[in-house]
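Listed after this line are the structures, all set down as structure tokens.
The two complexes that follow have subunit A in common; it is paired with subunit B in the first and with subunit C in the second.
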Partner chain A sequence: MKSVFSIALGILAAIGGFVDIGDIIFNVAAGATFGYQLLWAVVVGVGGIITYAEMCGRVAAVSGSAVFDAVRERLGFGVGLIALVAAELVNLLTIAAEIGGIAIVLQLLSGLPYRVLLVLAVLALGLVLWLMPFEWIERVFGYCGLALLVFAVAAIKLHPDWNAVAHGFVPSTGTGNGWVYAYFVVGLVGAAMIPYEVYFYSSGAVEEQWTAKDLGVNRANVLVGYSLGGILSFALMISAGALLLPQGIQGELLGTVALVAEAPLGQIGLILALVGALAAISGAAIDSSFSGAYSIAQFFGWEWGKYRHNSGAPRFTLAWMVMLVLGFLIVVTGVDPIMVTELSVIFSVVALPLTYVPILLVANDRAYMGRYANGRFANLAGGFYLLVVFVIAVAAVPLLLLSNMGQG
Partner chain B sequence: MRRAVAVAVVFLTGCGAPEDPAKQADDVHSVAAEGALLAHEASEDSLDAFTTEHAKALRKLLGQVRPAIEDAELARRADGVDAALAALADHPGDRRRAAVLERRLEELAG
Partner chain C sequence: MSSAFDLGLGVLDHALVDSEGRRCGKVDDLELEGVRDGNPRVAAILTGPSAWSGRGRIGRVVAAIVRGRLVRIPWSEVDRLDSAVHLRKTAKELGLGRGDVRAAKLVERIPGSSL
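Showing the complex of A and B:
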């Protein structure tokens, strides 16, 4: 039983980080637009996040340092500060999008006014962050998010063309609008490798006081958690490809996502989809709020960590509160959370190299990591994904403009 | 603030009501087809709040396209879709009406 709980960090990071509002929207929109053609891009993204989450979990376990310690140490104060500002801006957009997403899901469940639900959402998140121990946050949101597995059942019940699904795992240039296709590739890979996931994951490893003895748990976490996240992404895209594409439905709303589960499974499918989405998006809001606070505290050398209790790390506590309030203030202006989601993913892609370069450098440093430094395979995978990260970072904003934000 | 954010996003991405008639027709078709699916689920027992709120969200989506539509036939279809979604949002628990609206929306989707 203990081993089941010990992989909760990976499941939370996967459900609440990998499968957040950005992934839900991008995967369903990709399936509705291109069917199964972009499944390979999810594989690329999952491989990338597994590679780098394993590295930063290992660094945290061996050295007791989280990602932003490494960023500050390896990039220096000036470049590190740029990385911090970029990370915090993207975090803010992400938190705003997640709070908006929570309110939309609650509205679909209750019919209450959106703005009232925004207030309730941010108050509930604040209470959870204040009161709930770290391990219970992981368990409650991670395991409730497993309700999203309803999309795996939906995908099977929708009887997709499995031959076409299999072809989707082979990289291709795609059919249709090339700019839109490339935009979705960048969005899917970027959503999978969004930086706050590794900030949260490595800080969580320090929170759980991992040591070198926990490297097996680290591997199990990233493999089980992120693979599960990948399966959920496949399920969302396949379901959308099977149901929405043939009917010419574009799939731009969170309600559309729930409808994808309701069509083959009825009311129970709808409820599970909405509950799963609520848990996943709430988990992501918590991840990103904590990530913002972790990053700033680690960069400036403040006391940090949920395990210190709120009064034991007052500046850290204040930081996540400020992040939450600022996120709320952005979304309460009435800006569309789905649009904010897409922008946060695309802008986070631009900042990816600032996150992943220092991780690779530290994980390679034998003086720092001793015998736990990267081996040949980790370096090969890390180098390949660094190349991917640089390419999509350069391409992200031009593709946003050329594809008219994926609208063609 | 809200306007400033919207203007910034439109400036950055070129988003707004699509002016290409083919894209407008695709958008109207998409909303009608999704509305038909929603009405079908409502006719078979869905959550009333979900039916109402999602129908409203679809109307809002249609409302972003409608002002730019110049083609009379497409405008008539868009208005028909809007009226059917409004009826669905107002009577989410009326299964018989939902079945009628499903057929209407399917016709409008073309």
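Showing the complex of A and C:
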């Protein structure tokens, strides 16, 4: 039995670990462009990640199968392989985006050249993954990521029009460029539901050898952790809406993100924002590298897991190393990491149905799940989000082009 | 209670776990016998890249490119079934998990690999 204390610690880590470069970029850009009008899209996305992460955690606890076990069992070898390739391509873009994001934050802190910092970033990530025990990684980055709560303070200090904020939680078609608005809806929902999170979460549950007894912890982690994580997203969007929109400052730069905290809170705000962003993005880089390795190992039946030491799951170890290096090679070409971030979120939306369909099927299979199979509520929410995911998956690429990547 | 069991969903593509709890491949295909006598049984589990050739067009193409091994595990080696297929012997005895053995030699050269 886990103590309440250790559960609370896990949830704290989940809050800090929720936000990654995709959330930061899309929330701040949405705030700078549309004010508070898109807050509802974050709610939709957070609901989606809660629904599917809960299902994945439950499947992992009851059956010991992680996401890509389920994908292969349900889709078979051929279609499953397509799902794997799609997931890995998206994952690579995500890793590239996170490494680029780390380098940008380090550049804001140190002023050193970007490419040097890319090398430093990837070496540091490799060392952490190689040397640090799994729980430490999760906790250290999760807790430091909580520094992003500075944006909640900033949001309050900037005295937003709370009436307008409240209106933002009601879905609307928005004012301004419709294509850009729709593009941001897809981006915000996609960033919240970015698939590596569920691969990582379910694999972690298998590694920690969850059983049906841990289903309460699963629910608490997912519900409380992701909801509070969503608050960080709200804070980013609200403070960007209060500060950047009136001044017409473009939000799609990490420098402006730091400015959002610095303007109302001064130097300490700036430093907390950068430290929080650095931790959150580094944690996401680690999670997404691991997720890539988990997925391929589960699909092919390799030994996997960080709890087995590095040489105990050697192909898994080589897989995350290769992922990190490939991600590094993408950003070191000099492509704009902000563009890579947006592409990674938009393409992850396209790949989402391939993972969510098999999870929904497995979670409904009574032969597999017994009395822990999906109830009516989980199926209603699961079905609703499958519909949402299909719609935004079809709309994602056309909107990317029609909105000129959100530039209008 | 029904004794019906869905081989396609319950065994095919599930994980293989050896007697020491190591993951050592997937049920890539199944070998059936006695289908013509009206008494079909699972004779063996087929695993390894060459077994993918029996898994549709994509499987055939990938198997042709990879050209890996095919290991046949008689069904009598199966200890029990849950979400994974648990085997009675170690991966080494059954000739499984060789990719991990090879990769381990590489990983062990890096200092700190047993951390």
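Keep this in mind: the second predicted complex is superposed on the first by the 390 of 408 C-alpha atoms of A that agree within 3 Å, B and C clash if a C-alpha of one lies under 4 Å from a C-alpha of the other, contacts with A are read in each partner's own complex, and residues count from 1 in each chain.
One rule holds for everything that comes next: a residue touches a chain if its C-beta (ideal position, glycine included) is under 8 Å from a C-beta of that chain, and two chains touch if they have at least 3 such contacts.
Please read all numbers here as calculations on a predicted model, not as lab measurements.
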One more residue to check, A:394. First (subunit B), second (subunit C), both or neither? neither
Touching A:314, do we find subunit B (first), subunit C (second), both, or neither? second
I'd like to know which partner A:248 touches here: subunit B for first, subunit C for second, both or neither. first
By the touch definition at the top of the document, which applies to A:131: first (subunit B), second (subunit C), both, or neither? second
Answer with first, second, both or neither: which of subunit B and subunit C does A:108 touch in the superposed model? first
Going by the contact rule set out at the top, does A:77 touch subunit B (first), subunit C (second), both, or neither? second
For A:407, select first, second, both or neither according to whether it touches subunit B, subunit C, the two together, or no partner. first
Going by the contact definition given at the top, which residues of subunit A touch subunit B in one complex and subunit C in the other? none
Name, in rising order, each residue of subunit A that touches subunit C in their complex. 63-65, 69, 72-74, 76-82, 130-131, 297-304, 309-311, 313-315, 317-318, 365, 367-368
Complex contacts: residues of subunit B adjacent to subunit A: 1-2, 5-6, 9, 12-15, 18, 23, 26-27, 29-30, 33-34, 37-38, 41, 44-50, 52-54, 57-58, 61, 109
In the complex, subunit C residues that touch subunit A: 6, 9-10, 12-16, 22-26, 28, 47, 52, 55-59, 62, 82-84, 97, 99-100, 103-104, 106-108, 110, 112-115
Listed in rising order, subunit A residues that touch subunit B in their complex are 107-111, 247-250, 252-253, 255-256, 258-259, 262-263, 266-267, 270-271, 274, 330, 333-335, 339, 343, 400-401, 404-405, 407-408
